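Look for subunit A in each of the two complexes below; its partner is subunit B in the first and subunit C in the second.
This part shows the complex of A and B:
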């Protein structure tokens, strides 16, 4: 029997092509006769297109045509079109132009005159909520119960709050559990703070470039995505095509962080231009454009009231949140943030109230740990403050409040599969050396102030019910078809090992097929929300089991005995009692083809998705087909947890922060791939460091125009902004609802990293919570020097 | 006319192989020409289609603009010498360490491999209103967008503003002024040598330029005299990220001390004015005083003379004061 593959370090199959530069990303594709498109972006934060005069551009040699919003279906507000006649943010694409090359296309864009009527705009939700404040959309400023509507607060609401507290007027969503008054009555300490978390652009390294052509009535689209199967279906929906008439190719993705979950709306542009022109069209998105159309995390302005018992137990949380969610759609980050707060600290009572307001800033979407990524760095310094006032060790405070397997949380009192939070805290405290390091809190050595921080973080770690599809071909090898996508986490390969382990197949005889829907891929989860590791280890396990059952049946049929008498391993199916008696997978695959029916995919289960049906039909007759829907247990929610520990030094004379040490410990079930988990823990932490320290938006409030649109002004973290080496570990207790024990771990590392830093900085400052992110040098230095803060308490986009 | 960014428009490219040929081209095209060295500043302008030269004169073939040579106990550094070479050159490190340290703090290793010393001192400001193509005074318009009550001016100046509140972003400029370097400028009219301190100009002198260089001028060489060789140097740069970031404030100093007393000092800061600022007031305060915390504190306070912060950059005052103080303490951080 081959050694189990789950839990081993195995380089993913795309590694070599990536490091040698042979991997083809979206903009590397070429097709005969390919032309290029460029976009014309809105210079105004809110305007109406009165007239477009492209006549001069269209007369230029090499210019082939334009595409405007009029050429696209008009969705119901607040949905977004990839081109618009009513731009709702600076940088929103108004039209696309195609030409024989990009230089010509850019020159031609400059020859287009767009007559824009300016409309009122707003950048800050708190301005839109004022009684006579502007609305970001003509239809209103919020989205409630499926409709765009308007919510305004009263002057009295603002007056009641004063300048430095968040006003709390009418809210549009709320929930509560327990008796809030009783919760606060039980408290020995109550703290109240106004906290601001900024918006930030995803900025994956690869912008969302895409190329499209049409061949024999089918759209072939090459793009950058997190989720292959889901982009395939999204494209069909967006362009009103049959699934069969779309071929989507996206094998490599230079990062998405939630901004490319099902591809991007902009993919429609080359698709439609190509259809009109009859030529392949490449749209290369530049960094400047990516800044605008590349999605962003919603900002939140919150008022938090929390109560603690003497022993550190959180008795009550009262959370009021105003969310800035850009101009389109709806966002549930604030609701997720509230549910995660209730999960992390298990208050006896909690109330959440919130509004999510449209602004004329770039569109939002999920960004790695949506909601959880914001709430952890907002709340953890408050936990510290309470611990300090109550004289309790901060790690002990987290242990006292940590959820366990029986905990419930959120408005629906949701249940968990497992929660090994105390274990993660203990392992982390031991590895980090908490009891010794915590004595360094606030120590001054020369100009350096030491801060020790902790950050607890949680996020959903899986989903259910998707399909697995594997083929044992007559060459005797196992082909695992993956519809999940390859956003860079290796999970497309790691989850394939669940099928291989069921069959006892060595990895060098396994082939992962991914990233091209012409290659017959099964229906899959979104590669988002840390779903893949859990969802697709389940689905591949199910498909592996289906293949194994078929191998056992074929062996029993040909060699006698019952199917259960047979086992599989090392590419053979053999009799348990006499392993020399059996047949190779190659022989079994040929027999499956001869036998037909379910063995070779001619007959399929009735519960699999139509996409899987089509793919299995495409593979029928090519070997022994294992295909199944994941019907494993699905009672409770698989949630993953992360505990981060950081040691920082704050320079008392400059406000600079150096992150000297970081330890992250995950509760992510069974570790599928140690190196992969390490990459998630470290990568997520570094992204969190950037969120806590440097990355932000800056808008001119008078003109509604952003400035942090280059990487050097947006300031995502670099490799020098964290420690050279970082420590990690995992509790590695299996999740009972997953056949291989896995839970996803893509998201919680971000919030843990960010929170450990906001906590550590507050610690270095003697327990002062500056209650905003990012904690840039200017903000910290103003505090250290006792000067006025550079921004007002509630300012965003500064 | 619609605006599009991130796509370099067509221009005529020249790659001369000598200073003479370069000057001839600059003379022919005048203000329609653009001198291209490492390209880190230039390509941003060109990609954004805001600066649209007719002719780009690329200096990569001009070998005589490269390298470090000994002169009279000092050094002569070709303007095209990369920042990596400056940061790692043994003679610069040994005698004029403040310049090597400053060059090593620019941007990223990749940018330092590509970027040149001449380009680093001649770079344009990074005021984001100006770099975004807004028609401000510096862009020959008639307002400054960065200095109103609502403006986003965290990274702008606290002194020396004059219709423009942008800052000089160079890390090597203050080091060169601290070393009393001279800039050798060639033009069709001949050669001119300018003190580094006078090379950088503020908006009061010419609001459209950061240095004395005119369109047909070429910075060929930077001379470091022996004067400050082996002095006690200090350089520090404070920024939001540890790589690929301009200074919020930086400081470079050169100090001669003897018997525990400061004989002479040159202290220069950047990121606080439209030009690197030599702090004569600080130098006057510390000259002749003992190397001590008291002297450092007095020098730091003197640095604030004449400063006036904008809405969002008050932090630059304590930052500049503290950096100057550190630079006078007597230990390199």
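This part shows the complex of A and C:
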């Protein structure tokens, strides 16, 4: 019997193609006769297109045609159309033009005249909420109960708050648990702060380029996505096509972080242009364009009142959040943030109130740990401040409030499967050397001030109910079909090992099939929100079990005895009592084909998704088919937790911050793949460092035009912006609702990394919470020198 | 359907898909994003429309082979490699020397392929990620080290990092993590896999010392 694969370090099967340059990302595909498209972007933050004169452009040699918003399906507001006649932000695509090469396309774009009527615009939700403030959309400034509507505050609301506190006018979303007044009455310490969290672009390294052509009535689209099956269905929906008429290829994805969950709306452009022109169309997205159409995290301006008992227990949280969610769709980041605050600190009472306001800034989407990523760096410095005032150790403060297995949280008093938060805190404190390092708090050595920080963070660790599909082919090998994407987490391979382990199959005889819908892929979760590790270890386990049952039945039928008398391992099904008696998987696969029916996929379970049905039908007769929906127990939420510890040095003369040490400890259930978990913990933390320290937007408030639209102005962290080595560990206690014990861990590392840094910087500054991210050098230096801050308390996009 | 007038033919009685809106028309301005442009001379053999440039046939030394290729004066090395020589391992992440995904070696020295004109590299040895492995298929020690560390996440940055690492180890066979980080600081990894990238560099240095 092979050793269990779950828990081992196994390099993903695509790594050799990646390091040799053979891996084909979207822009690496070519097709005979391929032409190029370019976009014309709006120069204005809000305008109406009145006239497009493309005549000169279309007369140019080599120019093939244009595509405008009128050629695209028109979804109901506030949904987004990939090309628009009413741009709602600078950089929004108005039209696309195709030409034989990219230079000709770009030259031709310059020859197009677009007449735009300017419309009112707004960049800051607090401006839109003013009684006569502009709305970002003609229909209103917020989205409530399925409708775009308008919310305005009164002059009195603004006057009551003053300059430096968040006004708290009418809200559109709220919840509460417990008795808030009693919670604050119980408190020995109450703190109240206004905190601002920035918007920041995802900026995956691979821009969302895509290429498309049509062949025999089918669309073939090559794009960058986090989730293959979901992009397949999203494309069919967006373009009003049958699922069968779309072939989507996206084997590699150069990063998404929530910005490419089901592909991108812009995929419609090459899809439709190529249909019109009858030629393959490549749309290469530049970094400049990626900044605009590549999605961003919603900003939040919040007022937080929190109460603590003398022993550090949080008694009450009163959270009011104003969210900037760009011009399209709706975002629940603020609501998620509130639920996660209630989970992390378990207050006796909590109230949340919030509004989410449209602005004429680039569209938002989920960004790694949506809501949870914002709330951790906002609240953790306040926890520190309270710990200092109460004279409690900061790690002890987290222990006192940490949720456990029986905790509930949020408006629905949701339950958890497990919560090993105290264990994660203790392991981390030990590894980091917390008790020795806290002695360095605020120490000055030359110009360097040392700061020690902690950051707790949480996010839901998985979904359920998807399908698994495996085939044992007559070569005797196991083929695990995955509808998830391959965005760099390696979970497309890691979760496949749940099926391999059920069958006792060595990894070198397993083949993962992914990233091309022509290869018969099962219906899958979104590869986002830390869902996959949990959801698809369940689904693949279920499919593996189905294959195992069929192997046992075939062995019993041919060799006698009951199916239960047989076990599988090392590519054989054999009698438990006499392992020499059995048959190879190759023989069993051939028998499955002969027997037909469910054994070879001719008959399928009736509860699997239509996409899985089609895929299983495509594979029927090719071997022994294991196919099943994940029907394992799902009662409570499998939440994952992350505790981060950081040591920073702040230069008292320059305000520069050096992150010297970082330790992250996860509660992510059973560790599926140690190196994979390490990568999530460290990579997420590094992204958190960028959020805490450098990444932001800057807009010209007069014209609504952004200044920070490239990598060197948006400032994601480089290799010198973090420690040279980073430490990690995991509690590694199995989740009871997952057959292999796994919970997802993609999200929580980001918030923990960001919060550990905001906490450490506050610590270096003697416990001062600057209550803003990013904590850029100018902000820190102003504090160190006792000067007025460069930005007003509530300023955003500065 | 919108009421935007779209003019596609300027002739008399021009075809307009929408009725013309009368009234004052504000002067329109359009922003387009012209970067890392590419003109496919070999595909489309007519006079270029605007820039008055013509292609010249040149010989490039790429991965040990002489490659004859038509190149426009403004063409970048990354575009020539990707679109004319089929070497798509060199990635474009930013097109403006910000991310390093397009790093290639010129006579062993790392350069951003997006920021070198192809004409400037005539007579120089160009090495791309495709040229690292031996002809036998045996991987370069840096590639081997990455695989043995299970390195990179999305790996879109990997070709650039690997090329920079090859150049680093050629110059300094035993770099400290700090030295390596400084040399690699021209390459960006958005997955934030830096700690493991440095692990791979250390391992690659070991492998290379063993080989030499």
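Just so it is clear, the second predicted complex is superposed on the first by the 798 of 798 C-alpha atoms of A that agree within 3 Å, B and C clash if a C-alpha of one lies under 4 Å from a C-alpha of the other, contacts with A are read in each partner's own complex, and residues count from 1 in each chain.
Quick note on the criterion: contacts are C-beta pairs under 8 Å (C-beta built on N, C-alpha and C of every residue); 3 or more make two chains touch, one makes a residue touch a chain.
As the structure is a prediction and not an experimental result, all values here were calculated from the model.
Applying the stated contact rule after C-alpha superposition, one finds that A:168 touches neither subunit B nor subunit C. Of the two partner chains placed around the shared chain by superposition, subunit C is the only one that A:85 touches, whereas subunit B remains out of contact. After overlaying the two complexes on the shared chain, residue contacts for A:69 are found with subunit C alone; subunit B is out of touch. Applying the stated contact rule after C-alpha superposition, one finds that A:556 touches neither subunit B nor subunit C. When the two structures are aligned on the shared chain, A:788 is found in touch with subunit B, with no touch to subunit C.
By the document's definition of touching, both partners, subunit B and subunit C, reach A:718.
Of the two partner chains placed by superposition, A:604 touches none, neither subunit B nor subunit C.
Touch criterion met: A:289 reaches subunit B and subunit C at once. In the superposition on chain A, A:61 makes contact with subunit C only, while subunit B stays out of contact range. Ranking subunit B and subunit C by residues of subunit A touched puts C first.
Where the contact sets of subunit A with subunit B and with subunit C meet, they give residues 38-41, 43, 102-103, 106-107, 109-110, 112-114, 286-289, 710-712, 717-720. Of all residues in subunit C, only 1-2, 4-10, 14, 17-18, 20-21, 25-40, 43-44, 46-51, 72, 82, 86-96, 98-99, 101, 128-130, 132-133, 139, 143, 146-159, 162, 177-178, 181-182, 184-185, 187-198 touch subunit A in the complex they form.
Those residues of subunit A whose C-beta lies close enough to touch subunit B in the complex are 38-41, 43, 102-103, 106-107, 109-114, 286-289, 447, 653-656, 693-694, 698-703, 705, 707, 710-713, 715, 717-721, 776-778, 781-782, 785, 787-788, 790-791, 798. For subunit B in complex with subunit A, the touching residues are 1-7, 9-10, 44, 49, 108, 128-129, 132, 145, 148, 150-152, 154, 238-246, 248, 312-315, 318-319, 322-323, 325-326. Interface residues of subunit A, counted against subunit C in their complex, comprise 9-12, 15-16, 18-25, 27-28, 30, 36, 38-44, 49-56, 58-62, 66, 68-70, 85, 90-91, 94, 100-104, 106-110, 112-118, 203-207, 252-255, 257, 284, 286-289, 487-490, 675-676, 678-679, 682-687, 689-690, 710-712, 716-720, 722-726.
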